Each structure stands twice: as structure tokens, then as C-alpha cells.
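We just call them A, B, C and D in the order they show up, numbering each chain from 1.
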Amino acid sequence: MSRCPIDPGTMSQTVVLGVIGSDAHVVGITILEQAFDAAGFDVINLGVQTSQEEFAEAALEHDAAAVLVSSLYGHAEQDCQGFHETLESADIDATTYIGGNLAVGQDDFEETRATFEALGFDRVFDSETDTEEAVAALTRDLRQQTPETERATISS
Amino acid sequence: MIRDERISADELRRIDDEIRSNWSTGDAVDFEEAIDYHESLPPKKRFADVLESADKPLLQPRAGVPRLDDQVELLEYLHGEGKADLLPTTIDSYTRDNEYEKAQEGLEKARDTGEDTLNGFPAVNHGVEGCRELIDAIDAPIEVRHGTPDARLLAAITFAGGFQSFEGGPISYNIPYTKRHGLEETIEKWQFVDRIAGAYTERGVRINREPFGPLTGTLVPPSIAIAIMLVEGKLAATQGVRSITLGYGQVGNIVQDVAALNALKKLGNEYLPDEVVVTTVFHEWMGGFPPDEARANGVISLGGMTASIAQPDKVITKSPQEFQGVPTKEANSAGLRTTRQVIDMAIEQQIDIDGIEEEQDLIERETRCLMDTIFEHGDGDVVQGTIQAFDSGALDVPFAPSDSAAGAVLPARDDDGRVRIFEWADLAMDDDIKEIHKARLSQRADTEGRDQSFRMVADDVDAISDGKLIGRPQGGA
Amino acid sequence: MIRDERISADELRRIDDEIRSNWSTGDAVDFEEAIDYHESLPPKKRFADVLESADKPLLQPRAGVPRLDDQVELLEYLHGEGKADLLPTTIDSYTRDNEYEKAQEGLEKARDTGEDTLNGFPAVNHGVEGCRELIDAIDAPIEVRHGTPDARLLAAITFAGGFQSFEGGPISYNIPYTKRHGLEETIEKWQFVDRIAGAYTERGVRINREPFGPLTGTLVPPSIAIAIMLVEGKLAATQGVRSITLGYGQVGNIVQDVAALNALKKLGNEYLPDEVVVTTVFHEWMGGFPPDEARANGVISLGGMTASIAQPDKVITKSPQEFQGVPTKEANSAGLRTTRQVIDMAIEQQIDIDGIEEEQDLIERETRCLMDTIFEHGDGDVVQGTIQAFDSGALDVPFAPSDSAAGAVLPARDDDGRVRIFEWADLAMDDDIKEIHKARLSQRADTEGRDQSFRMVADDVDAISDGKLIGRPQGGA
Amino acid sequence: MSRCPIDPGTMSQTVVLGVIGSDAHVVGITILEQAFDAAGFDVINLGVQTSQEEFAEAALEHDAAAVLVSSLYGHAEQDCQGFHETLESADIDATTYIGGNLAVGQDDFEETRATFEALGFDRVFDSETDTEEAVAALTRDLRQQTPETERATISS
């Protein structure tokens, strides 16, 4: 199979990735890491059981363009309370995504999406998300934020 | 230096006192009174006896909700409608982190709102009395299932609360479940858990212990899982446990799964002391499920089919809603009944598949390599050997999130769908065995006309949820 | 005296004119124009080509509702959501009885009330145009499935309407489906059906014909089913049919089912003329289903598992609602997807089970006994032979409701769950084969500590719906 | 297994059994025949595809105490229209049962029961019916109709 990395643009595109709270589901981020890496991003994978502060520290240190939070075990809502405040207080203005199994039990995803958008995430992904989908979305989102080059807007 | 030795009576008492003060409900634990309580339980609630005397695979689901009355209702339903033989009580994630305060908040919120704000039953918070209410209410044996690195208080309370089976172990509840706990630390803590189980056992209350075989649930090569089962079984036996159920998670290739269960049973009996009664448990596919209940039922049935051939003592069933989240009780029962139907229709059939002995032989040889390296690393001591072998990477688990494991070994399926090792890293394995894996994997690479790479591993990780066993390139082969 | 001979061109025309006057829609049939229509269809709607060129088992459900737009919607759903490879159109019971008047009433009532007042699609009433609307709308090949003893008008209209596959046959749609139709009568009528299929074939439109293998769906011994398939295949070939799919219904014992499908394929190629392309279809369990969707999924999966090993060309799936009544489209798709998942996970695995050759050999020997008796009864003519052999009881089908079969043969499962013959009545079978069955059945009787009796047969009839394969006495063995 | 036939009483207890309409599902009545026979009834099995008139003729000829109608294929309602009128016009006063899969599709059984009771059937059975259940019900129903012997009423 041929791989077609989507060119993420010229500026450094560092992505911080991790599983929040005390969640230890690592397989998803392992796959995500590989996909973002193959697409040309610089990926800082913090692994599982990452605290809000660790996300903030890493984002600051690496001047991350995006922070990608994963949660599978059903406690995402509690774990993400105040997440964006933590980022803001460290002056981080990165694009934030969250994805995985975000609710306990058999929930309706639209409700879940609304909950996490209200918490401040730019995009919310369910666990059926294809890695390509996430890579494409981030590529688009980051391009639109790049003022120096003129680009045609890609409709989302 | 921690070694594979029995905790002394004094030490046991000291730790017991210490951990019981970690949360208010610890006070209520009284060993002598607990023995009386266990003795009062009818035979059908005695986990070890029920499991060991069964003449066909017993079925057990996973299930845990925060509130006691809901848990009673849930287990009654799974027993009545799902016809589960053995019942579980799955513990919430805060308790697993020993965050009893947060668990308490979650429990109170659950009581106030009626919503399941925890992903399991906070047994420590419910305390001895709460546990016994559950044991009294349910007409079948119940096991504690969790994923707790430091499960000492949980064990003290649930054993006193009448539970007679306890899942986990120092490796199997460390490596797949947590990032920062050292192995030395979890081994020490689990020696205590096993020691209390042993103490009950000595008084005639045989607590069943079940190391968690599936590990990360994701393409774990059988020999790695089996070696870890043998280590945990040995550690438990040293502390006086006499009923040990070794676990294994389905990889989806019938020949390899049957061979692995056979090897698990055989090596379990060989490596564990004679006085231990060894049983086996087969977990239906523990990796990513299809996002479709109908297809999930197919995955579950393939597990049932495998169980009917291998005939483990117990099967842990999945529900068709596995992909989505914690299943409804109806879906959980459905998983049980689908499994039951397949097993009951197939179990009386003589199904002898070619190649099982050969695969079993390979698994046994691999497992012996790993056990040998453990003994060598520890100079005969299995505790030290395990710690050192993980440290050197001679022992490793694929997709391990833990800092205690290299997590450098990478599995991939061969052309027949059997899980082989693609990246050995420092795993201790004889060269001729490595050659066998290599040949099998290059056969697959040939079929697919592509190189072996992480891409193949990633495709295999997604394959079952995408509807296949092997992650072939799309539109290819 | 009717014989296995091709209907002459004159005769064909005469009958064709006659039957087309049986209902108003018959007028619209125009053979030449129909050939043009078929030629205009894209390759993916050509049933025989799609089926014969597939490299793994294709899946097909059963489905039919009275109204055309509902049928389009239903088939689109089964194709899109269920991922069916081949689609069905199941005909209602009035049409099967040639009661087009009653079917018309039902259809009109369905149009008025929106309710499904018929148990299938009344294709004769929909006529050539209605059928073509369906063929045009659906992006896959579609087969007519029914159960009609006299299917001449149905065939004339549906072939002209663009269907390229037609289930049934003079025995398989007589013996299990009707009480009073004589075999001579149904053979004559099906010779006509096959002859029009042959006429299309000669013009390059290969109509696929599929004798109905499961017969009464209830513990039919494989050799009886296979013999009837061979007879119907031969009759169709004589009339010029060149694409024949021989059927077999799952009995639930994997070894026996795989052996039977192998034997069906082998004997099909042997007994049918070389110019015929023989394919096989496996029907998931056709007997009584469990009254529980979860358990039904287990039955369906066992079928998928069997199909993945035997690899027939086509699998007819069941839905988890089989017990209850005509399934919803969702349940029907679920049955397809469950089957698909099991097949796709198992099909790449090498699963060679011991004893398949031996069982296949037994089935072949039994089938040859039956074929020999047919040829003998007919002095070399298979039509006369079949009529006479059924008449003498030398050929028989268990649980046959028809007056044309003795229905005296009784099957029962052996200790391994394979279907054997308990009561032979006058069935023509070598003594040494009878001895084998007897020994197997007495082994079971021993295991159960009871005598062989009709009670055992009745228990076996209920067993799968009760959750087992073998109808053991309750609380026994 | 020991068989315990329920004594259906002393008077002749002939039961007429058949599958109505053009339905050919024979397995159920084969099992029912065997069960009623084992329980001591005289069973006249008319087989499949039996018309209303054939049921009436057989009931008359054999002075049947009960007429048991089976239907599996989903056309029971149409097939049973006027069934009781047909029996009445032949002066037959037998207990009538119907059982099987009585509706097309996934219906609610309580509605189905009401439909067939309205058509005149004394009892309506679904396809989960155990043969023993049907035998027990008929034994009770026929006893209650036997005036010469005094019996304790068995609650149904």
C-alpha cells in the first residue's frame, strides 16, 4: 500500500498526545501516534494516565500547535473539568481535540459531543474515528490558522 | 530485597493493620468473624468448589455499577435471564487507583442522581456489610474483578465481605493497567493479597485467585501470557493459595487458541505445586470489537466455538455492546446466552482439528524459554527473576502502557491468522523459534505483497473490529 | 408416460400459451423482448455469473413483502445495511397455491392499509413490469424463492421480468410444501419451468436454477437431501439448464455438515452432465429456532462457522427472529452481518477436522444406494424411477406432509449429534450402512440409558430450540 | 424417562387435529399428535392443508370432543374466518384450540390472542407452547364439561 502523507504545511507542527486521567488504554494513542507521525507531524506522546498539568507542561515546552486528548474508560467528563482553564493559565493557545469512548455506557454521541464542546474542545471524535479522518481534520484546522500563506478554504 | 517467600504472620498483621486504616470501612474487617461468615455460606456460593467440580465450561460475564441495590438487581438479572453460572463484581476506576475519596463522591452522586457516575462497584466504600448484602442476595458465587495495582484494602474488605474469588496479580494488573507502578511494588502488594487469601485457605475457606490472562487484550502472543500466568500462579501458591484459575484471552485463531489453552493447563499443572488445584479461564476476544452488535455476536460466537473445543473450566463472556461502552444488562445477558447456545450445540461434537499438537508444542517451547530466562534472571527466585527480566526486556508485553515493561515487542498475525512476533526487541527466545515466526510472517508479507512494518501491526489491531481476522491491505490479496 | 426427456418446441409453445392465460398479467410475457431486456442488464445483475465467479461464499437472505415499493426498500436495505451479495424475492403463499385472485385481494388490502397482509411478494400479480421495476431498482442479482408446486406462470412472468435465478424443483417444492400434488404432476410442471430456463440459456441468458435442499428442514439425513438434489439437477439439465445450484440445509454437526457439502459438490459434478456448472448453497439451520434472539445468534454463527470450513458457493442466512415470524429488515440484516463476521474471521484459517472424509464416504455410499434404487425403479429413467421409488418407499423424506411420500423414515441424532436413521421403513439402503446407523444410535441410547423411540426423535426436533444439539432426556446423561 | 399420561377421564375423548389453510408445516402437529396420543386421547390427525369443511366433517364423524387447529405460516387469521360458523352449521359443539405462529411478522401475542378469541377459539397458544401445557389444558377443559362426575375445579 502506498502512503500519502498529507503535507501539514511549512511551520513546525507539534502535536501533544496523551490519555487523560487514570485511563490506561494505550492502543488507540499508539495507532494515532503512528498516523500523525506518518502524516509529517512531530508527535509528543505522553502515554496513558496523563494529568492536565502534564498536558500543559508538554504543550508549553514544545510549543504545540495541537493537544490531542484520548479517553476510553468512561471518566472523560470528570477528568476534563478545568482542562482548558489549565491550558489558558499556562498561556497555551493550541487546537484541542478529544476522542475515544467518552461516556459511561450506551450514550448518544451528539449529547456527548455537546458536553465536550462546552468544555472547550475544538473537535470531539467518537471511537469509530478513522485515524485518517483525525489527521485530515487537524491538517485543515492548522492550515486555516496559518496567516502567512494564502489558502483556499477547505469546507469542513 | 523482595523474594518469592511467604509473608510472616507478624508482617501480615502489621500490613493488615496499616492498610485497614486507609479508609473508614477498613475497621469493620474481622478475620475470625469473617471465617464464620464464609462457613455459613451454602455450597453453591463457594466459588472454588463450584468451579472445580463443574463438568463443562461455566460462564461468567463482567458487570459492576456503583449502587448496591443496582448491583444486586444487575447480578440477579445476569443470573436469571443470562443464566450466568458465576457472577462478577467489577470495581470502578477510582478504587483501582486507591482514590476512595473520589469513589465516595461518585457513589454519592450516583445515589443522588440515579446515574452511573462510576464505571464499577466501589466495594471499599460499600464496606464489609455492603459486600455481604450482595453475597447474601445472590444465589451464585461472585468474583471481584478490577485492575488494581495495590488491591490490599480491596482484598481485605471483599474477602471479609464474603467474596471467594479475586482476579488480578502483580504483573497482570500492573503492566496493562497502569503507567507508574513499579513491579517490585506491585509484587509486594500482591504478596499480601495472596497471603490473606492463603490465610483464609488455611482455615478451610478456599479463596480462588485468578491472574488476569488477557493482559493488554491486543494480539498478545500466547507464550507471553502463559509465562506471566505461571509466575503469578507460583507467587500465589507461595502465599498459600490453593485454588488458582489461569487465564487466557482469545486471539481468534481456533487452532492457536485451543493449543494455548491446552498448554496453559499442562504447564500450569507442571509449574505450580501439586497441592494447588489449577483451573483455566478463557476470555472471549479482549481487543477492539466491531461497532455493530450483529458483527459483535459473530466475534462472541467464535469464542464460544473455541471454548466448546478447548473446554476451559470457565469462559468470560463479552456483550454485543462491547465496542460502545458499558453494556446494558440485556446486552450482557445476550452475550451469555449466545455463548451458551454455541457451546451447548458444539460441545458434544467430536471436533479434532489438525495441527493443534504442533502449535501447542511451539507455545510450550516458547513459554519454557521465557520461564527459563526468568529463573536465570532471578538466580532461581521467581520474584527477582520477573523484575529483572522485565527490566532487561527479556520478558515483555506488547502494547504495555507501563513504565515497568519495555513494550517493545510487536505482534502480527501470520497468513493463517495466528499471532506471531514481528519485533522481538530483547525478548528471550531461542533462535530456532524466532526463525519459525519469521518464516510465517514473511509468508504473509508475500501473500500481501508488502513489507512487514508497523502498518501491518496497526492493520491487525483494527482487523476484527473491521470484520476480518487478519489486517490485509484493503483491496489486496 | 412422463419421462426424463426434453419438452419439444411445440409442446413448450402450447403450454406457454395455456399457462399465460391463467392470469391477466400472463399476456405481457414476450420471450424475444425479454431476451433483449436481460441482455441490457449490467454484469453485476447476472446471477449465474456473479455466483459462479465468486471466490468466497456469497450471502443471501430470505425476504418478501407484498408491495413493490416496500420490496424495493427492503432489498435495498438488505443490500446496503446487511451487505447481502445476492438478493431474494420470496413469494407469498397464495401465489404458491396459484390462487392469484386471493393474492390480488391481499395485495390490494396491503396497498390500502399499508399492512403486510401477505407473507411474500405476489410476483404474478405484479406482472412483468412490476418485476422489472424491482430488477432495475436493485444493484445486485435477485432470485425468486417460493415453494410452489406449479410454478409455471410464476416462472414465465419472473423470467420475463428479469429475474435470473429460480428456486425449487418438482420434489423439493412438492414433498415438504404440499399435501395433495402428485409427483408425476409436479415433475411435468417443473419440466416446463426448467425448459423455459433452458430456452433462455440457449439464447445466452443463463438462468440459474436452485433445487431446494433443506426439504422439510427437520433432521433430514444428508444422503436423502443429496439424492433429491441430484435428481432435480438432472431433470433441469435435461431441459437445457446450465447453471445449477444444489442445496443443503445445516444439521448442526460440523463434521457431518462439511462432509455433506463436500459430497454434494462431488456427486453433483459426477451425476450432472459436464456442460452444467454446478455450485452449492448451504442453508443455515432450517428447523425450529430458539425463541430468543441471543440464542438464535448462536445457531446462526454455528452455520457461519460451518460455511467457513466447507466453503459452499452461497449461504442462505437466517435472522435472529426466525422463531417468531417474518423478521424485520433490521433483524434480517443482523443475521447477514453476524454470518459475515464469523465467516470472514474463520475463512482464512486452516481448519482440518478429523473424520470428515470418513463421514463423507458414508454419505456418498448412502446417496449411491438411493440413486441406484431410483435408476432401478425407473429402468434407467430418472423421472419414472423417482415416482416409483417414492411410491414404494425406497425413497422417502422424514416429516414429509405430502401424500406422495411415505414420510415413514424417522431420523435421530447419534451420540455425536450427527443425524442418523432410526426408522428405515422401506428406504433402499445396504445392510452394512444400516448397521452403522444402528450402532451409532444404540451408543446414544446407552449414554442416555433409554430405548430408541419416537420420544427421542421428538426430543431431537426440539433440541436446538431448547438450546442443545442433541435431545437428551432432561436431567439425564 | 418415565411417562405420566394424564387420565383424560372415562368418556371417549376424540381430538381432531390439523393444519388449516394451505399451510404445510407438519412437524408441530406430528409432535402434538404423539403427545395427545401418549396422554390417552384418540387423535384424528388430518395433516396439513386442511380446509374448514374437512375439520367439520372429521369432527362430526368422530364425535370429537375437541378440534385443534394449527397454523404456522402467517395466514391463520384469513384461514379461520367463519371457522366456528362452519362448525356450528354442522352442529358441532367441540372445544376449539388454535396454536402456532398466528400472525405475520413480529407481533404482540396478546393482540393475537384477542383476535383469535374473538373468532371463537376457546384457547389460543403461541409457538412456545409446550405440548404438556396443551394436553393439561385440554384435560382440564374437558373434565369441567363432564357433568356425570363431580370434580374439584382446577383453576386455569
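The definition used in the following text is that a residue touches a chain if its C-beta (ideal position, glycine included) is under 8 Å from a C-beta of that chain, and two chains touch if they have at least 3 such contacts.
Everything quoted here is computed from the prediction, not taken from an experiment.
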Rounded Å distance, chain C centre to chain D centre (Cα mean): 31
Intercentroid distance (Cα basis), chain C paired with chain B, Å: 45
Distance from chain D to chain A - Cα centre to Cα centre, in angstrom: 67
Inter-chain centre distance, chain B versus chain D - centres from mean C-alpha coordinates, in Å: 54
Shared-contact residues (touching 2 or more other chains) in chain D: none
Where chain C touches two or more other chains, by residue: none
Touch-based graph of the chains, sorted into line, ring, star, complete or other: line
Touching chain combinations (by label order): A-B, B-C, C-D
Parts of chain B lying in touch with chain A, wherever the complex brings them together: 93-94, 96-97, 99, 116-119, 176-180, 216, 218, 287-288, 291, 321, 323-328, 331, 399-401, 450, 454-455, 458, 461-462, 473-474, 476
Of all residues in chain A, those that touch chain B in their complex: 1, 3, 19, 22-27, 30-31, 34, 47-49, 73-75, 78, 101, 103-107, 127-128
Partner chain B, residues of chain C touching it in the complex: 252-255, 290, 292-302, 304-305, 333-342, 344-346, 348-355, 415-417, 464, 467-470
